[in-house]
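In the two complexes below, chain A is the common chain; its partner is chain B in one and chain C in the other.
What follows is the complex of A and B.
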């Protein structure tokens, strides 16, 4: 457990130093090589993860009497083998693989994503109410921003576009920058803790 | 050739100061002087949610978002859920509330499993930890129909959403609200904060989540790191005010630091 943590610390400090200190520029090719290794390692972990996933589902099917949902594992293995077979025989640009992707995975994902619109609508209905001062500010700001994109309102009241632009470009950006700075400081804090081996969870 | 890359002098200086302050506070903590953290009002909300679940004899759902533990920008949010999860699970076990945690983090699953199991052991009720239901792994795509459907069926009385979130924040939070759950939501994902604030009863914005994790876990490393970050925040505030004044006076201060 100690050696991986030391590798993380040394490489982390190296990457930061290379970003700030120009006299380390001769080390850039080595740094790029390390980044490539990181990508290869990440890809290898996907392979390992897939193998473990298949083993776990295989185990569920084998012990079917203990798990009422073992049928889903059969479905998983069928889908996995179909995709793997299509990719291995025809490649990632093959018609079968693309058909699976374009006509099964794609539409399913789009259908799930599209449900967001309905949830946003009901959440908006619940939120945009004049309950207290905070809610009133949200309601008024939200009204201006929403009206500014509707020709029904911007036609007779073009000033709405100016007001909404000011809300988006001044108030929202100021809050956003303050927030991002706080998160950036949080990332620095995390980096220090990881480099000092105070956060072993990062190695999962 | 300059010692520090042009245009990155100020960033380097702030980085060194912040790291120095974090190390200083860590050293102080090692000497027994732990920095004091203000108690956030959201901690009382957690207790209120747990109490509601006990009173109504219904579940509490804990959702720890999505994200990848290999991305530096997503990792703080994910790690901050661990401290909160440990506290919530232990409190639930102590007060007899059933907690259900569908996690969407494959890499963090084992860590979260152990955190919850240990929390039950610390509460003296290890037999109440159900390895097949207290925590389950739910891939991100499947989590949307799962939460929408199961929250309607199981009717949790409370839910806590923390971590790194994508667009499905609104699906999960709104589905839980429709099911009648009292929700506390927090994230450090900039584009999903409005959803968290709008759809939940109570919210944690960005750093509040980190602070809550540090407060609840009582971890000296987290607390010291937070104190060091606060010094960085004061520097940023001072620099912003000075920059505003100098900018209004027509002085191009940025050229001083390159």
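What follows is the complex of A and C.
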């Protein structure tokens, strides 16, 4: 556990030093090489993740009597092997691979995403209420911003675009900048903790 | 309220079944897609600025385009992406593509086919465009790629062709070699990543094609000019269709979403009316 933490600390400090301290220019080629290694490691992690996923589902199928949902694992493996087979035999631009993608993955993803419309509609009826002043501000600002992107409202009432523009460009920008700065400070604090080995959970 | 007490009309209305509310929104959206009606269509500043930005790119320029749409965001972003590509290729702009999302490559293939349909001709690979493929590693990957493309992609394009053999890649190896660039990042709110790793270090003028829900994340950078323009979600797509005269799916969907928004507004008003009536009657949540 100690050696990986030291690697994280050294590389993290190295990257920060190279960025902020111009006199460390000789480090640049090495830093670039480390970044390139990072992309290779990230790509390799897909392979590792896929292998672990297959092992987990394979284990579920093997122990089917203990898991009532093992049938889904069978489906996963069938789909995985079909996609893998299509990619390996015809390449990523092959007709079979693209057919799987365009006619199964695409519509499924779009259908799932579109279900949010139904939940948002119900939430609007049940949750979007003048319960208190905070909720009222959220409700009014939210409605103006929503109306401003719908031609049915902006056509007859162009002033909605002006009001929503002010909400977006003044209030939202100010709030978001504060949020971004807060997150940045949080990340710096977390990084310092990781570099000092005070946050060992980062390596799970 | 005690168990078994008789509910008032307002309380019953507040407890209306989710399935009824959802069925009505489905009917409204389906009706508007099947039987669209014409409504006034003002173009927003975002839409006009994006259209102007695409047109401001000089003919013959070589630009970078990070195109990583996903199946679920494709209905929102396909029209603005393909119509931008159409305008750019019409101006003989050369485009170097890559993706930072694993779902991106198959959609990229489709987008090129759609753009070719819009143009009415085939694009010449290696001369008019090149695909450098998927770059893993999120922000670190983007930083490394924009610093030295050849090293990160091992000197070859997605088909394994040596980049030095492709005319479009002559003199191009880093983000600084692009005067202009675009990123389509779907709904991942990673636009600031490209401001940090592309616009800021290299001074490239960048435009964003993004979901409407990403707008708050990029408004900061639009305000400072670090992102020059945005095609904002479905409305951005409809505006591109309107401005280029290629009315299509985004325009129709915008009408449907408009009427969905009207229904949503009515529900919010009714929900509040019933809420206050029931609260006046002594109901506690």
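Following the convention adopted for this analysis, the second predicted complex is superposed on the first by the 186 of 204 C-alpha atoms of A that agree within 3 Å, B and C clash if a C-alpha of one lies under 4 Å from a C-alpha of the other, contacts with A are read in each partner's own complex, and residues count from 1 in each chain.
Following the convention adopted for this analysis, a residue touches a chain if its C-beta (ideal position, glycine included) is under 8 Å from a C-beta of that chain, and two chains touch if they have at least 3 such contacts.
Because the structure is predicted, anything quoted here is derived from the model rather than measured.
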Quick one: is A:64 in contact with chain B, with chain C, with both, or with neither? Answer first, second, both or neither. neither
If you stack the two complexes on chain A, which partner ends up touching A:198: first (chain B), second (chain C), both, or neither? first
Touching partner for A:49 - first (chain B), second (chain C), both, neither: first
Comparing chain C with chain B, which touches more residues belonging to chain A? C
After the superposition on A, what does A:93 contact: first (chain B), second (chain C), both or neither? second
Under the stated touch criterion, which partner chain does A:23 make contact with: chain B (first), chain C (second), both, or neither? first
So in the superposed three-chain picture, is A:183 touching just chain B, just chain C, both, or none of them (first/second/both/neither)? first
Between chain B (first) and chain C (second), which does A:139 come into contact with in this model arrangement: first, second, both, or neither? second
Applying the touch criterion given at the start, work out whether A:106 contacts chain B, chain C, both or neither, answering first, second, both or neither. second
Based on the superposed arrangement, let me know which partner A:147 touches: chain B (first), chain C (second), both, or neither? second
Considering only the contact definition stated at the top, list the common interface residues of chain A for chain B and chain C. 42, 108-109, 112-113, 120, 122, 124, 126, 176, 180
Contact set on chain B toward chain A in their complex: 1-5, 8, 11-12, 15, 18-19, 22-23, 26, 69-70, 72-73, 75-76, 79, 82, 106-108, 110-111, 141, 144-145, 148, 167-168, 170-171, 173-175, 177-178, 188, 190, 193, 195, 198-199, 205-207, 210, 221-222, 225-226, 228-229, 232-233, 236
Please give the residue numbers of chain A that touch chain B in the complex, ascending. 16, 19-23, 42, 49, 108-109, 112-113, 115-116, 119-120, 122-124, 126-127, 138, 176, 179-183, 185-193, 196, 198-199, 201-202, 204
Residues of chain A touching chain C in their complex? 32, 35-36, 38-39, 41-43, 45-46, 92-93, 97-98, 101-102, 105-110, 112-113, 117-118, 120-122, 124-126, 128-130, 139, 143, 146-156, 158, 161, 165, 168-169, 172-173, 176-177, 180
Taking the touch rule as given, give the residues of chain C at its contact with chain A in the complex, in rising order. 14, 16, 18, 21-22, 25-26, 29, 39-42, 44-45, 70-75, 102-103, 105-106, 109-110, 134-138, 140-141, 143-145, 147-148, 151-152, 158, 192, 212, 215-217, 219-220, 223, 232-233, 235, 238, 254-255, 257-265, 267-268, 270-272, 275-276
